[in-house]
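In order of appearance the chains are A, B, C and D, and numbering begins at 1 in each one.
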Amino acid sequence: MTDFASILGSLPAAIAPYQGKGKQADYIPALAEIPSDKFGMAISTVDGRDYVIGDAEEGFSIQSISKLFTLSLAMHYAGERVFKRVGVEPSGNPFNSLSQLESENGIPRNPFINAGALVIADVLLGHLGSPKQDFLDYMRALSGNLDLQYDEQVFRSEYDTGHRNAALAHYLYSFGNIKHPIAQVLDFYFYQCSLNMSCLDLARASRFLAMEGQHPFRDERVVSPLQARRINTLMMTCGTYDEAGEFAFHVGLPCKSGVGGGIVATVPGKMSICVWSPELGKKGNSLPGMQALKTFVEKTGLAVF
Amino acid sequence: MTDFASILGSLPAAIAPYQGKGKQADYIPALAEIPSDKFGMAISTVDGRDYVIGDAEEGFSIQSISKLFTLSLAMHYAGERVFKRVGVEPSGNPFNSLSQLESENGIPRNPFINAGALVIADVLLGHLGSPKQDFLDYMRALSGNLDLQYDEQVFRSEYDTGHRNAALAHYLYSFGNIKHPIAQVLDFYFYQCSLNMSCLDLARASRFLAMEGQHPFRDERVVSPLQARRINTLMMTCGTYDEAGEFAFHVGLPCKSGVGGGIVATVPGKMSICVWSPELGKKGNSLPGMQALKTFVEKTGLAVF
Amino acid sequence: MTDFASILGSLPAAIAPYQGKGKQADYIPALAEIPSDKFGMAISTVDGRDYVIGDAEEGFSIQSISKLFTLSLAMHYAGERVFKRVGVEPSGNPFNSLSQLESENGIPRNPFINAGALVIADVLLGHLGSPKQDFLDYMRALSGNLDLQYDEQVFRSEYDTGHRNAALAHYLYSFGNIKHPIAQVLDFYFYQCSLNMSCLDLARASRFLAMEGQHPFRDERVVSPLQARRINTLMMTCGTYDEAGEFAFHVGLPCKSGVGGGIVATVPGKMSICVWSPELGKKGNSLPGMQALKTFVEKTGLAVF
Amino acid sequence: MTDFASILGSLPAAIAPYQGKGKQADYIPALAEIPSDKFGMAISTVDGRDYVIGDAEEGFSIQSISKLFTLSLAMHYAGERVFKRVGVEPSGNPFNSLSQLESENGIPRNPFINAGALVIADVLLGHLGSPKQDFLDYMRALSGNLDLQYDEQVFRSEYDTGHRNAALAHYLYSFGNIKHPIAQVLDFYFYQCSLNMSCLDLARASRFLAMEGQHPFRDERVVSPLQARRINTLMMTCGTYDEAGEFAFHVGLPCKSGVGGGIVATVPGKMSICVWSPELGKKGNSLPGMQALKTFVEKTGLAVF
């Protein structure tokens, strides 16, 4: 049997050459202040075992990783209808691009670029009674951590600096693809991004994607097996912005990243993984994090293909 | 001497075949309700004579024609510095495009596309004590019509439907090229567009462009002779959206149009002209209006070249 | 054990509603003349069994499916260096687009768009003594069919109509990313596309991708296990033009399509598949073929995730 | 009366600060070898007087200035039909861009970008019996210089390095907007660009544009008065690539430039001008040449508006 603990133990050395090569997100103070040499990783297997290394139990800002969970929740409520308002194609453009939206009449390419996630937030506003509290409860249940909290300081900073997201929201609204008041959509969107979680929290919370949609702690389905498969597929083709091809090619697992430096990956049928290290490469994905996943896959042979 | 009255008199017949071929702006009720067969034209010569035909003294929504006057006012206050924040090149794209802005780091191609006009509005907010009142006073003085008013109903409708402009404003703000609060910039911008003026008002108000910047009714300069020349040039190359080349080619005069169906044209040293007819061609310029100008130029030989 | 024969037998009924809904490629006579209701499918398992249905043994023009084999051959010779000249990202644009190439300095997004395949052809010209004959021999050995031939009539038609590919080649040359004479590159490229093969030939020929690179009929490796994995990944993210996301989402297997109506798919560790039916959807992939694969995956549960 | 000789005499001092700031075209040896500090200017008035300064009688490669004359000749033969195959709008993109052509189905934005000039060359091939000789004769007659010659060395270099133009030609052919064999079109196009003329030759040859189309040396019209006006207009809106707005704004005359460092300008009704200096700015127009024109216009007050 693969000795995951020992493989995890080898990762700090493997990523060391990549530390200091990237650039931490600094558009809000709360992100810029994190020590740049943080590194943690957690594995949560389908049979319920957890493995951790480094700063795996320290909370960080999940940012775009939240899109994975809002999408799952939206698919739970609205099923296939979600994909009338957002596509499933890689965008080939940066995550906050407005250009493509223009030529494609307000239908975002996929739910993982910012425009797509804003549409998903709008979908959820139509299904949740108390969107912020409901989403928080959902994440607490998935992670088994009842202490999860939004980071109000991050939220406030996002809101104050998020003019490009506001531009996207107004733009989508002008195409009729956002239906709730823009302030409400942005509020919910910035809250979801500001959620604070650790690698262990995220590995546990995404375990349903490795378990055909089965809730990790409850006798219920988060999404259907087919939906779980499709979310994994979307992570593979679109989960890491316009670097998704590189990730698929070099890592070979479905991944979803965030500018906080976190990356969630799934090995369907086996485990979910979360790695965290704040230094980002040019495309906005954690550079040491990507390297850790690459090394982990090489040593375990767990690539999808 | 050219018999302008008689030439004007021949225009209704000349444009008749073009009426019913265009499409009136209908994004707000106040514009959609105007009878589509309206047609008026006014000429105001540099020696102070006015000629009118048809509905030339009926007010309409000046919309983007306002950009001509805000630009002039901004150049009056800020001179060449205006062109550090906005370019002077034709855009080659529709007037409300966001794509180009993305690849060019938030510097709008010229002051006549919406993005450029929002930046100009922001410039003016830095110079005017009571922006809305000051701009109204300025337009009243230029036109000699002290009864000019903003159309509150049009303003309100613009505000409610102007999500693409809001998107542009947020986007420009994210690049640091809007400096005042976005709500303030949009408020001022939608007010300037909602101004109600007649062909005669506009022909008189733009006469300074045919008079090297000289105020039509006061012993002062609206802009310097060089600035007047440059504004005329900008009208020629960028004044009618991505149809500017066609206008220059077929009309041959500096023009600035608005989606209300108005077009202002200048014949430097001789006269200013305003034509109005609500039906728009595919690029957003009045179809009968363009035809009237073309016929007028053919009959008078007044083209620039 | 899954009864593949019986599942294959159910496919003609499953795809029937999709026949007559697409549009056959007609840019060259040789493609337009094929009866549009042709349908065949072949499976070749890693333990050497073949299953066929319909027109699975009738030859057709492999067109872009050839890119799968030229890439494999180029990786065999040049290894990782191939990816200095061509990327691994989905393009988000049609297969013969020139725009992206312009903004990305002549590095095609991936080896499966036409620009990328032309670069791969150029790479091979540097390694093969008699490119056309060598590639034919390679395909004969992979398929076990020594009678494979280029279709001279298709080749000639491609050459006469292939001005967009010629444009791409000149363009790549201007960036220095094609190094051999353009006529030579185009000649080789059009020949590879004109190869005539049946579903059974293609299923057998692509079996190495399901077998970690192992040659299906010889005791040698076509590519290394890592390379096979990466080619499968590229098929998943980029194999079906700008419909790759849809294929991944709805089919869930690595696929490579051609405008002749063929699609090759792999189930790593288990089998390779080829389906053929000439009617194409809007993005240039066989509409009944995609449906057949979707149904096959649903019935067998063989999706990757 | 304006003392043109004295104003010309003041230009070398005026442009001195701009020499050494640009970059000479170096894509072919014949252009790179010209001493970069060359400067000449010639004026040819409608009443037949010529004024020269500096290197005004030294030949240089006219390059894209040739587009002015091929367009005039094509309009002479094909009239308005020319504009069914090429537009009259500024492109907003670099002169050799392929992107716009893609989204606009093979109709170049205007006749002065390379794609448009290739279409014009194709038009002429349908009207001229011996295209190269006929065009040479035409230019000799217009300039009154019977010694004009193509520069075979420049032609050969253009041909060998002109892959982007070849790409454009193939691309246009794929849209059906080039009708003659591509090799023939490129051959004619590269010859027209390789023509060697002096400032004085070019000022004289373009005098018809200041004279309502009247041939400078013969009792015939080169183009009609309306056509002359439209060509001037096109020069104003599109004659200096994506710097046309800047030229119109800062110079204020219709201009057509070439990468050899020449710029032709017209003052309708008064004179034609040619300036030459090899160092180019970022957009491919002569930097000292633009400055010379700007100064000349400031001192003479000859701007169009």
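One rule holds for everything that comes next: a residue touches a chain if its C-beta (ideal position, glycine included) is under 8 Å from a C-beta of that chain, and two chains touch if they have at least 3 such contacts.
To keep track of the chains, here are their UniProt names: A, B, C, D = Glutaminase.
Since the model is a prediction, treat every value here as computed from it, not as a measurement.
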item: Chains in simultaneous contact with subunit B (Glutaminase) and subunit D (Glutaminase); value: none
item: For subunit C (Glutaminase) paired with subunit D (Glutaminase), centre-to-centre distance based on mean C-alpha positions, whole Å; value: 47
item: Whole-Å separation of chain centres (CA-atom averages), subunit A (Glutaminase) against subunit C (Glutaminase); value: 33
item: Centre-to-centre distance between subunit D (Glutaminase) and subunit A (Glutaminase) (centres being mean Cα positions), rounded to whole Å; value: 55
item: Subunit B (Glutaminase) residues counted as touching two or more neighbouring chains; value: none
item: Category of the chain touch graph - line, ring, star, complete, other; value: ring
item: Complex contacts: residues of subunit C (Glutaminase) adjacent to subunit A (Glutaminase); value: 87-93, 100, 109-110, 228-230, 232-234, 236-238, 242-246, 248-249, 252, 254, 268, 303-305
item: In the complex, subunit A (Glutaminase) residues that touch subunit B (Glutaminase); value: 97-99, 101-103, 163-164, 166-171, 173-174, 182
